[in-house]
Structure formats: C-alpha cells, structure tokens
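Reading through the structure tokens given below for one structure.
Each chain carries a letter (A, B and C) given by its place in the written order, and its residues are counted from 1.
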Amino acid sequence: MTPVSDVLSRTSTTDTAKVLLPLDDFTWNGWSAMETQWQVERLLSRYAMCIDEDVLESWPEFFTLNACRYEIITRENVERGMPLALMFCTSRGMLVDRIVSLREANIYPQRWYRHIISNVLIQSADAECLQVQSNYVVLQTRRTGQTDIFSAGKYVDRVVLSNGELKFSEKRVVVDTHRVDTLLVAPI
Amino acid sequence: MTPVSDVLSRTSTTDTAKVLLPLDDFTWNGWSAMETQWQVERLLSRYAMCIDEDVLESWPEFFTLNACRYEIITRENVERGMPLALMFCTSRGMLVDRIVSLREANIYPQRWYRHIISNVLIQSADAECLQVQSNYVVLQTRRTGQTDIFSAGKYVDRVVLSNGELKFSEKRVVVDTHRVDTLLVAPI
Amino acid sequence: MTPVSDVLSRTSTTDTAKVLLPLDDFTWNGWSAMETQWQVERLLSRYAMCIDEDVLESWPEFFTLNACRYEIITRENVERGMPLALMFCTSRGMLVDRIVSLREANIYPQRWYRHIISNVLIQSADAECLQVQSNYVVLQTRRTGQTDIFSAGKYVDRVVLSNGELKFSEKRVVVDTHRVDTLLVAPI
C-alpha cells in the first residue's frame, strides 16, 4: 500500500532514515506480528499507568539500563529541524535525577494526569529493535476538579527485549502542544 | 518487571490487596492471554457504544444478574480513604431503577456522550474472574454543538464469564474530574 | 448477548438494516476474528497517521478505487433523518479534488490534527465486506501552541480487501461536534 510509505517519506516530522513500511507480517523474538503488537500495547499501558498513578520512582525502569534516550521535543522544532528539546536524557541515571528533582522541587500545584494512548503502529522490526509510533493525549485534572488537555502528540519509540522484558531504548515524545505552563514537571 | 508491581504496591489509589502483577502469559476459560485481552476490549467497546448511542435501557445487562456492583467515586475520595461514592449500585435492579429515574427525571438539557477507552490492562486472572484496569475520557457535546471533556478517569473492573458471555461483576469508575455539573445524569 | 442487539435495533443513529450483532467468532479471508480486528485497527492507525502527518495527498488511497463513499454528517442530521452532509464524496477522484482544492485554497491558519481512535468494533462480516464502528476524537493545535477538541464522533466504515490490502469502500463520519469553524478544511 503506497500511502503510508509516501506519508513516511514525505513528512518532515519523521526521521525517514529509520522508518520503514508498517509491517503486516513478521516474527520477532518468536512472537507473531499480532503478538508483538499486543506486547507493545501492554508496555505502553503499563507506562501510562506508572505516570497516571504518580509512581514516578518506577518510571526510569521502563527504559534500558545501559544506554537509553528520552526526549520531549515540540513538533514545531522537529519540523524546523531544530534539535532543541524540552527534556533530554541519555541515561537511566538522568531519568532518576529528573524524578528526584521533580519530587524535591514540588512547588507546583498538584495535578493528576491521565494518558490516552491510541493507534499504536509498529513501523519496523529488526533482530534487536522495534520502531513504534503511537498517538497520545494527556489530560490533567487540577485541585479544582476540572479536567483539561495537558498535552497531545505522538510517541516515537524504539523498543527492545531485555532479559525477557520489553523496554524503551529510545522514547521520543513529539508534542503538538507547546503552550504548557508546567511541561517540565512530569514526564509524558 | 518491577516497576508495575511497585506502582501497584505503593499507589494509594489502588486496592493493593486485590491487584496482582500484569500477566503476560496465562489461559482463562480456554482463551490465551491475547484472546482474553481481545474479548475484554470488545466488552468495553460494546459498553461504550451502549451509553454513547443512548440506549441506556440495555446498560444493566452488561452486569452480572445475581450480584454486581457499580460505583462512581472520585479519585480524591479514594486517595483520602473516604468511601463516599457519587453513585453506588449493588444489584441489577438498582441499575435498572437508575435508568428509569434518569429517563423520567430528564430535566437536564440533552447532551451526547462519546467514550474513548484506552490502555486496557488485565491485572490478574483467577478461575472465576479477571481484574482489568483501563483509562477513559468521556466527551460531551451539548445542543450548541460544542464538545468538551465531561469526565476523565479509570475503570477498575472485575469481569466474569456468565453463560458464555463476559459481564462485569464489579465496575468501579474512579473519576479524576470531580467538578461536573450533571454527573448523576448518565452512567460513565 | 441482548444489550448490543437491542442497542442497535433501537438507536436512531445507526443504519439498522445493515448492522448485525458484534461477532465473537468468524473467519474472514482466512483471518480469525482476532486477526481481522488487528488488521482493521492497523488500517485505522495508518489512516490517522496520514492525516496527522499532513500527507493528505495519500489520503484518497485509503479508499477503494472503483466505487467508494466518504461522508461527514452531523449526528443531529442523522437522528433527524436529514441526509444533508458536510462533506460527501462518491469516488476517489472527488477525494483527490478535495485535497487539491484544500491545498490551493489554504487561506486558513495552519493547524495540526491528532486522531485518537478507540473502541473499534467489528459489527458484521460477510464474504466481501466488514462493517466496523469506532469512536474518535480529533484534537487540533493552533499556531499559538494551544490544543483543543476539534471533533468528536464515530466512524461507521465498510472495509474490503482489495489486491491484498484493506481499503474503505465506505467511511461515514458521524460528528457529535457541529460547531466547528473550519470543518471543511481537512478530512476527519
């Protein structure tokens, strides 16, 4: 089907070098394409639950131990080719530091987050790594009880199998929403 | 994977006594874990459709006949350990009554609901029952044609197989949003 | 299970003539019901990605070549039995024209869209065609960086297998939201 390959080759928001056609049939580490999809969706659901339940101390464990990369970057910057990220971590230690300082510097009014992750699309699979894209919206509820949109965008993830568990070796959060008051408070 | 078990044991919004680790591999009533996931997602989709299409007379049939429990409770009350619920039904008869009085006392301006249910996570499975958590947002559209967020939160469900059909033996709606004008009008 | 059949037979927003019971077990073109679900969800995810990445030139390719139908209609009009649609195309050429004129007449301020599609429910399957319903919300982010709800509603789709690829032979977008400033700018 040509549309998606065209989409991927023409769009400026996708790193075309790494993106292949969505795959309908493959096996990966002994899983069928459908099983792989299910496992990846479970990973994303647990990731969402970790943040939404505010147990951020466990958040770094969703990433690979040795080398990992977590980035929040605006779609505007991606499309302009500007690498400046809102958050950029290249090791699990940096992720841990992030949470520690977030807990210590908790000067912001408390709010709850709720992730809705949808349209999970496995884009490529090689022996080591899956590239997965998904859409998300994170809703926030303030102390007042009112819920609004905190952030919408997409996840561009690289997922690996590490000691029998799926982990993110790379998670790139491309945010559509760039007018946020407290973007740095919590991971997305 | 430790993060989720940690999440579940540390969080105050989860009933830790009942929650086990998300399961990657099990069989349940002859279904694989993946098939069970699919069936549960179908149940949730039909549930959403029932409310969104405003055919609430059928809503009680999604629950077990003998004993069931439906509860809407704010996340605030859950975290404070206060059991006070916004809606609390412990039999199918109570669910039916709810809909009857809702239809009779229809003094509110009509609105449409639209459920987005995501990140469905089967948390435990024993011979009788699945415990399932999912995130949701319900959008409402008023007569004016404008759509906004009605409620965001999570479902904590207990699902059983009854005469070959999946039913909720328990559905606990934990709402993040507690500033709603008409929370009691329709089930979530 | 009676609720859904009741829902479908009573609701005025569904074309009851064509809608059958949600099916738990069938095969379709050699796929199990679960595989079919997965393939349909992939189609919807790619469709969402095409619009969200703003590669609308590929959008017509998601539809069948010979005869297809794409319609955006308000829920209000569906419930009143008024056939007037906000957008109505009955061939792929009309879809292409739509995109061409949209690109040429780009007098609107640029915005980004983000689709969240959920609760995908296969409602019937015959030898040629699947009928599939799903809920969606499309978020828009303006130049200012603020994200809000552009449109919420449901997709009522007819999906066929054409040369080994899933395509929409019909896509009916029933929008709850009818107060939109720029509904005609982009497909939903």
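Here, a residue touches a chain if its C-beta (ideal position, glycine included) is under 8 Å from a C-beta of that chain, and two chains touch if they have at least 3 such contacts.
Here the structure is a predicted model, which means the values were calculated and not measured.
**Q** Would you mind working out whether subunit A and subunit B touch using mostly the same residue numbers, over half shared, or mostly different ones?
**A** On the two sides of the subunit B and subunit A interface, the residue numbers are mostly different, under half being shared.
**Q** Please report how far subunit A has to rotate so that its Cα atoms sit on those of subunit C, a copy of the same sequence, as a value between 0 and 180° in steps of 5.
**A** Rotation angle, to the nearest 5: 120 degrees.
**Q** What is the distance, in whole Å, between the centres of subunit A and subunit B, each centre taken as the mean of its C-alpha atoms?
**A** Whole-Å distance between the two chain centres: 26.
**Q** For subunit A, jot down the residues that touch at least 2 other chains.
**A** 34, 116, 118, 137, 149
**Q** Inside the complex, what are the residues of subunit B that reach subunit C?
**A** Residue list for subunit B touching subunit C: 34-35, 38-39, 42, 44-46, 48-50, 52-55, 57-59, 61-62, 112, 114-118, 137, 139, 141, 144-149, 165.
**Q** What does subunit C use to touch subunit B in their complex?
**A** Against subunit B, subunit C makes touches at 1-4, 6-8, 10-11, 13-14, 22, 24, 34, 37, 74-76, 116, 118-121, 133, 135-137, 149, 151-154, 176-180.
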